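Note sheet for the following structure.
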Amino acid sequence: MDITLLLTSTVTLASGIPLTLLLTFASLLAGFVLAVPLSFMRASSRKWLSLPVLAYTYVFRGTPLLVQLFIIYYGLGQVGAIRSSVLWVLLRDPFWCCLLAFSLNGAAYTTEIFRGGIQAVATGMIEAAQAVGMSPLQIKRRIIFPIAFRSVLPSYANEVISLVKATSLASTVTLLEITGLSRKLVSETFAPYEIFLAAGVLYLGLTFLLTGFFNALEARLNGAPRAKAHTRRVALQQVTHEL
Amino acid sequence: MDGFVVQFVNGLKTTVLLALVSGSLGMALGLLAAAGRLSRWRAVSAGIGFYTTIIRGVPELIIILLIYFGGTVAISAFFGRYVEVNAFLAGVVSLTVVFGAYTAEIFRGAVLSIPAGQIEAARSLGLHPWQTWLLVILPQMLRIALPALANQWISLVKETSLISIVGLTDIMRVAAIGAGSLRAPLTFYLAASALYLALTSLALVIFNLLERRFAVPGR
Amino acid sequence: MLREPAADHGIRAERIQKRLGGNDVLRGVDLTVRPGEILSILGSSGSGKSTLLQCLNLLTVPDRGDIWVHGEKLAIRAISQQGGQARILDHRQVRRVRASMGMVFQSFNLWPHKTALENVTEGPVLVKGIRRNAAADLGRHYLAKVGLSDKADAYPRHLSGGQQQRVAIARALAMEPRVLLFDEPTSALDPELVGEVLRVMAALAGEGRTMVIVTHEMAFAREVSTRAAFMHRGLIEEESPPQEFFSSPVSSRLRGFLASHR
């Protein structure tokens, strides 16, 4: 292991952080904007609203992101109508293809997460809002979604971390974010240990920062963190001790 | 496309085999790691905590690339000439390491959610600690862990597609070859998605059956 | 609170029917609430009293029957023979009517992500379009009225059940409604917290407000109401002024009910 190489490649790979972050946050934002209305449709008791959304989330969560990305990047060009449309300007660019793939994929997961939160909101909260005369939109915006979002924040945080990691697939369509840069560097130097470890360290840093951010957000939104299952642990450790 | 049917069948076999082998090894690793994480030896517990945290904080692709190219460098150095690591083997190792880290956390969470009273009850009955583990904790833990395990297995099936990046001829790679040679990427990648969707749906059905089979009434 | 007696005809519900989960919960109930009246609705659980209350502001849409609130007939489409659901026809009207009727729930139903003050001001701001700082003044006024001035910035999870229910009452009051509906407001409370809520309600009754109270608190109903009604199996079995209701009940069922709740 060459420590100097590890350090220099960390510095080199750090220049890929902006692109990784751009891909992450842009698809996070797009995914969120898509997921909010879709999750309400998905939570609806009306089948014609919920079933199409279920079909979307089922397919996007049931197939690899890599395939989705390749369908968008390589596959759409096969369709003449797309090649000749104005959209082709964006769709032949790997950056926009990644953004589209990551947003659609992330939105599918986020939709299901939000749906769970929406369906878990107690009916009493909604009745109280109806009783003061709020409109359905006001109730969704001011009561249901804020309560649902708070309750699913830990799952949503996991989804954001997954998204950071998912951006590494951008390297397969020639983008030079952290992973893309590291693959390029390895092919030039053939020192995979140092370089991929350096990339791993950078990703760890990013995921740690985001985890910290979400823990702080959760504490802020929900007050003091709930007490852990302490007694259980003690009982378990007693059993383990006797082993 | 006709000639590719056979290739897709072979790719499907490879994908399924890779998922099953690394999934089984990964679950075994996860069980061991969960036990170690809950153990009284602080060094072991901390070490395993380190392992699961690191693995879950780094993209799977980086781990795959590290193991594949790192393995190639190590083996080449050993033989004194360039030897490429078998992609399937690299896939099994990396997916096992990843799957183990995630399932370890699932198992740990499941064990911790078993009410303390049950363990105390087992102790008060005079059960031996290993009996407590085997008869009280393990069966309940597996039952509690099932839904999360189902998600993890589905993720695993999808993650196998990443091994195609280091050259494994799985579904994804067959699609890529077909896409290139017949200039019909949409057709081939859609076919690949259909196969993956069938596999993940199958996993979903199996786990639903398992959950129904082992459901606890009222829980 | 401004009241225009000429325009306020109180509430009138006629032949209200509701079927829920295979049971005829309401079987053609008639109910009148006159302005300034304090009506207590009593009855064992399952008699339909909470459902009836929920029908008055259409949180539950009756299958059949007509409802007038303040002289305005509510536009509802009755259940059809083909099994179509009964439904609200004029949502605007219903929102307007709901805003004029404050409701207090058994389980408080405070919004957990909002402070006590925000719980109180949310309705006035969103429904009446009152500006935030004016609403905050209004909110503080009503929190003071229920004795919780010092809890304005507390979140519901940091309040006792009695305090939460008093915030819920302030929330209903802040809409300056013409009628207050109480759905078993003390049933979810620990016994030692019931008193503080009943005291607030008694004070409101003393202001001459129109109130409909579904309750199990006999002594309170006897003392505060101007009229009491007894429900049994989806119908009003007996209704009379509290003196007669509690001292010389006519129906044997009401006599039995009162005897068992003494």
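Brief remarks on what is shown
As written, the chain order gives the labels A, B and C, with residue 1 at the start of each chain.
The definition used in the following text is that a contact is a pair of C-beta atoms (placed from the backbone, for glycine too) under 8 Å apart; a residue touches a chain by one contact, two chains touch by 3 or more.
It should be emphasised that the depicted structure is a prediction, and the values quoted were computed from it without experimental measurement.
Where touching is counted per the definition, chain A and chain B have no chain in common. Placing every chain at the mean of its C-alpha atoms, the farthest one from chain B is found to be C. Separating the CA-averaged centres of chain A and chain B is a span of 20 Å.
Separating the CA-averaged centres of chain A and chain C is a span of 45 Å. Work out the mean CA point of chain B and of chain C, and you get 55 Å between them.
Within the complex formed with chain A, the chain B residues making contact are 38-40, 54, 56-63, 65-66, 69-70, 72-73, 111-116, 119-120, 122-123, 129-130, 132-133, 137, 154, 158-159, 161-162, 164-165, 172, 175-176, 179, 183-187, 189-190, 192-193, 196-197, 200-201, 204.
Chain contact summary for the complex, chain A toward chain C: residues 122, 124-125, 127-136, 138, 142-143, 146-147, 150, 221, 223. Residues of chain A that touch chain B in their complex: 59, 61-68, 70-71, 74-79, 161, 164-169, 171-172, 179, 182-183, 186, 190-193, 196-197, 199-200, 203-204, 207-208, 229, 231-243.
The touching residues of chain C, counted against chain A in their complex, run 57, 59, 91, 95-99, 101-103, 105, 107-113, 122-123, 126-127, 155, 157-158, 168, 171-172, 175.
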